[in-house]
Amino acid sequence: MSEKVGVYICHCGTNIAKTVDVEDVAVWAGDQPDVEIARDYKFMCSSLGQDLIEEDIKEKGLTRVVVAACSPHMHEKTFRTACERGGLNPFLFEMVNVREHNSWTTDDREAATKKAKALVNGAVERVIYHQELEMMPLEINPNTLVVGGGIAGISASLELADAGYHVYLVEREPSIGGHMAQLDKTFPTLDCSACILTPRMVEVGQHPNITLLTWSEVENVEGYLGNFTVTVRKKARYINEEHCTGCGICIEKCPFKVTDDVFEAGLSTRKVIYRPFPQAVPKYPVIDTENCVYFLRGKCKACQIFCPTEPNSIDFEQQDEFLNIDVGNIILATGYDLFDVSKIPQYGYGRLANVFTSLEFERLVNAAGPTSGNIVLRDMETPPDKVAIVHCVGSRDENYHKYCSKVCCMYSLKFAHLVHERLPDAEVYNCYIDMRTPGKGYEEFYNRLLEEGTHFIRGKVADITDSARTDEEEGKLIVQVNDTLIDKQRRIPVDMVILSPAMEARYDSRKITQLFRMGCDFDGFFVERHPKLDPVATMTEGIYIAGACQGPKDIPDSVSQGAAAAARVAGLIARGTVYIEPVRASIIEEQCSGCRICNNLCPYNAIIFNEDKEVSEIITALCQGCGTCVAACPSAAITGAHFTNDQLMSQIEGILWDVGKGLESIKKVESVAEIGD
Amino acid sequence: MAKKPTFSKEIANLLYASHGNPIVSCIQCGTCSGTCPVAEYMDHSPRRLIAMINADLKEEVLESNTFWFCASCYHCTVRCPSGIDIAELMYAVKRYSIWKHQYKEGLVGPVFSETFVKTIFRSGRSYEPILAPSYIFSRGVRKMFEEAHTATNLMLKGRIPVLPSRIERIENLQRVIGRIIPTGGSS
Amino acid sequence: MTEQYEPIIVGFLCNWCSYRAADLAGTSRLHYAPNLRVIRVMCSGRVDPQFVLKALRQGADGVMIAGCHPGECHYVEGNIKALRRFLLLKQMLRQLGIEKERVQLVWASASEGIILADAINRMTEEVRALGPLRWQDSVIGANGHKEGETVQDAPVPEEV
Amino acid sequence: MKQYALYPGCSLEKIAQSYRVSAIETSRAMGVELKEIDDWNCCGATAYFHVDELLSYTLVARNLAIAEKENLDFVAPCSACYKNAYFTKKYLNQDPELAEHINYALEEDNLHFTGNIAVKHLIEVFVQDLGVEQIRDKVSNPLEGLRVAPYYGCQIVRPRKDHEDVEEPQFFEDLISAMGAEPVDYPNKVRCCGGSLIITSRVAALSLVRVLLQSAVDSNAMVIATACPLCQVNLECYQEQVNQEFGTEYSIPILYFTQILGLSLGIPAKRLGIGTELVSTKEVLTYAQKKENDL
């Protein structure tokens, strides 16, 4: 099987040429069998380099091309298009990685050149067995699934819906809004969080292109880019959404209250049938079955009795629904959790009443909160006259989270401002390690706080205790901190302490990554395709991420990531069809013995058994081309396009050419043998 | 010819056995100095001492009393967000200062440690009467009476050993010590 | 400088994780032993035990199969299948008298360039210590075949 | 009869004799025998590390090697000895060259360190090996109403050995409630007592002792229970100097946990070495005698 192979070795400036003797490799490659022409060139990926390939294909009638340069993840596409322009099927091409895997990893010029020759030889042997393949068209379903109804999810959904595409927005809580709905003001503009959020939520609620599925979770995801089938469990609200007008009488009449640990962060109560907050979207309440007397002991039904609608909207027999949704792309915007501050016992949260977390303080200071905006201590009456705000609780700490959570400095400044505003003669102490104000108008906000007379202490708080040593400390919380700028250990007596905890990945983020088959890092945040150039895409085609689920970030970044993910998806939908690698498996019917070993091997259930023909068959559309079945087939009846057994076997032979035939390596072997025996 | 190691490199080498991160990873956050129970008695806080070591201020470091006031309670070590074994660092600086016989005037610590080591070399076990009083005399008459008062109370309760207790195989122990420090012990 | 024995190790790296880890090791200019020759496969599950035997027969002194950490495979469980086959292959290699350090399975995710570089260095030293495999005498010869006898490829092992 | 190799440490010879006596008595009552290691040497406490680290490990390794000869777990009543022994064993197991070098030195006393015995603090023997339930069953004379401040000190819990809670440990409180007494919420229970600073920097140590005493008074404890001779001496013998230095009138009895446990097990005070304290412990004994009068 003789082919005319063109071999091109790239200098890549000095990146390769510095350690690999490219001329020698080119000359050596020139006189290998099947090699028609072998050249070395300064920059193969430059247009001149590509023209070299084009002209050689046309003039020399090359039938195969091998380029030894950087990683295929960098320029495989460039050289494939060059082959195509030369009239050669792009898959009759093989790339050899002699830069990342070779020249950059050693200074040993002789070893690097020897390795380069071996890899090139392997590629030449392999490329001879390459077959012509065509890119596979894939229809993109225009619907999109957005998981998570926080500000990032809302932005993504609105962008796509306004672009005219249909969006399914799935939210685990009874209402969308996420953590932002709990905040009072936002930095640095001090806009009221609800004022800027609720209009967006209403827009989502009323948008014809958005199907809102709250109090729902994704149970299962099948399929691939363009054709995902998602099973969503719509948990029973025990409210009939068609009839309910959202009047709220049922909430009023419900005689039972429970502490609201989710929305009110445990600071106040909610009824057993409840809406998380007045501006909730959708407006339908939901029954908390764990505490509802009817579900526990079968009595009460007060909500049903007082419900004014005809027919009655309360439906105790309602069951969870399972919906199957077909979408083309998925955007994950699942948000974050707050670090559990009780993990740092020396800060006394839980033991000392007046130590609050930032979320608790947000609810305290919120006009719609339990104290309608009055900053008071845990007894819900006495306002504090001295407040300490502790930065970096659980962040920048090897024992908890090594990373900086990016937003705590700014919202701690916001808290200081709110205390000054509500309690003009209160003293505020912010204990920080570094004041990080990297955004637009952020540093100015910090200056504003300095002018407002906040005491900034540069030092991380060591511990918070109520065991006083002097009368002045009696009955107060004492914040012990080393003020590093004056190198004094200070004990500051205060009435209230606010802890700014780290932003953590969701507790179940690992489960989500398995569900959607993409990756998460050691801390549990989702892994983007490229940290700098591709932050909203993931390694899995068709799955995009936005907001705090990808890493700690503030609202403006979450909104822009939401919009970015939406733009990526909109781009795919607009193209309608996407061409993907033809790397797929296929079964040669005659050779298949029907042993069915491959049937349960495929994670995508792409292999089915044809009963009458008694052979297995592969649904090419479902196959992702991993090749596991190809390797498992005992009678080699399954072949994997572009990674066939012949191709790989010949590549193995090729890269070990110098061991099999080459003399000097055997000489080396003999000399060792003598010493050895 | 290898460069002469800087002071901070020397201290870092002394820390090779300690199992924390190197002191260059200190972010100067002040948790150690906020936690330290005796920080107010130190002329430089542990945090500042680390900064001075990293800045190779050898004289000022050896002149400070910080590491002599360290009670080795390890509270800083367990809380350090950069995982530095700060108590171990204080031990290392003490060892460096004793080897170089370079420490602040009038400190009781160094003399106490050297005497302690000599007692062990001689009898294998420590003997309170030698250790305690010989330093209190150097601190003024009033302190001497207070200490004598406490010592007599303890004597009355039979809690002060009269004879120093020796271990039987003291020669073996001395030879064992000799194999570690060839100069026949640090006497 | 005496002529030191340089083992040759064939590395089957999976496209999504270990191949990118090797790329990352390159871009961060981590120097590691140049003895590994990489063959790219879409998933570690694609590595057929025959490839390993083929490489050893062709004169390789060691084979490394590198995939994603369990639970992180781009194709869900390709790496688990590779692990299953590897456990069986290890038994067979032991029976053939091949030292177990010669064929290794390594997990390295796309961000773990250092871990892969260390694994390559470690394996190179281990195989260097074992010396060349010399498949002909240590495997064929030791199993009773006379010198020069041509041996057909072993029948394909039944995938259990 | 479970056996342990007891490493008493220099303080238990004289100044903390009552700790040794009460330890042996209470462990025998609980069916545990503390067999003293023969010809042990000083563990270097904190002072030795100031001079030479390698030599400090050697001194401790010698004691461990002697205990290994009898193949019994190494038990140290004093926190400083416990910390030194625990970490010497850990570092020697981790660093074979270090172990080899030290074993070379130990040959002079024909000893060899292998590190295959466990190293425990005396309180761990009661709280973990025996367990709080078993102790509660054995308590024949529960000290109802006696409010005890559980004082851990520093080197029992720190530096972190393996993931235990170094800020809010609870095992001492459980032990005290097993004795029938009432553990008070003692906020400074893991703060340091000053240790050897009592000699090298007296004022600093006295201020630490004062904080601990004041905090015990605030939690209206009647007695502070400790598990380390250094802490006992600092807290008790220097109370008088604290009062002189800071003009306070503290007079809080400081007892070893083995003494209080002994009382609750019905062992007479005399055999627990109670009576050698500088601060009177009569009030505490009234809670122990109460049982005998009712009999």
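The chains carry the letters A, B, C and D, assigned in the order they are written, with residues numbered from 1 in each.
The definition used in the following text is that a residue touches a chain if its C-beta (ideal position, glycine included) is under 8 Å from a C-beta of that chain, and two chains touch if they have at least 3 such contacts.
Being a predicted model, the structure only gives us computed values, none of them experimental.
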If a chain touches subunit C and subunit D alike, it appears here: A
Between the pairs B-D and A-D, the one where more C-beta pairs touch: B-D
Whole-Å gap separating subunit B and subunit D, where each centre is the average of the chain's CA atoms: 22
Approximate Å spacing (C-alpha centroids) for the pair subunit B, subunit C: 53
Euclidean distance of C-alpha centroids - subunit A vs subunit C, Å: 32
Sites on subunit A at which at least two other chains make contact: 346
For subunit D, residues contacting two or more additional chains: 211
Two or more partner chains touched - positions in subunit C: none
Touching pairs among all chains present in the structure: A-B, A-C, A-D, B-D
Complex contact set, residues of subunit C against subunit A: 3, 5-6, 8, 10, 16, 19-20, 22-23, 25-27, 29-32, 34, 37-43, 45-51, 54-55, 58-60, 71-72, 74-78, 81, 85, 109-111, 117, 131-132, 134, 156, 158-159
Of subunit D, residues touching subunit A in the complex: 165, 167-168, 187-188, 211, 214-215, 218
Complex interface listing, subunit B residues touching subunit D: 17, 19, 37-38, 41, 68-69, 71-75, 77-78, 85, 87, 91, 94-95, 98, 107-110, 112-114, 116-117, 120, 124-128, 131-132, 135-136, 139, 143, 146, 149-150, 153-154, 157-161, 165, 167-169, 172-173, 175-181, 186
Footprint of subunit C on subunit A - complex, ascending: 71-73, 97, 99-102, 104-108, 111-112, 115, 118-119, 122, 510, 514, 517, 519, 521, 527, 539-540, 583, 597, 601, 603-604, 624-628, 630-632, 634-636, 640, 643, 645, 648-649, 651-653, 655-656, 659-660, 665, 668-669, 671-673, 676
Touch list for subunit A against partner subunit B, complex: 346, 392, 396-399, 433, 458-463, 480-484, 487, 489
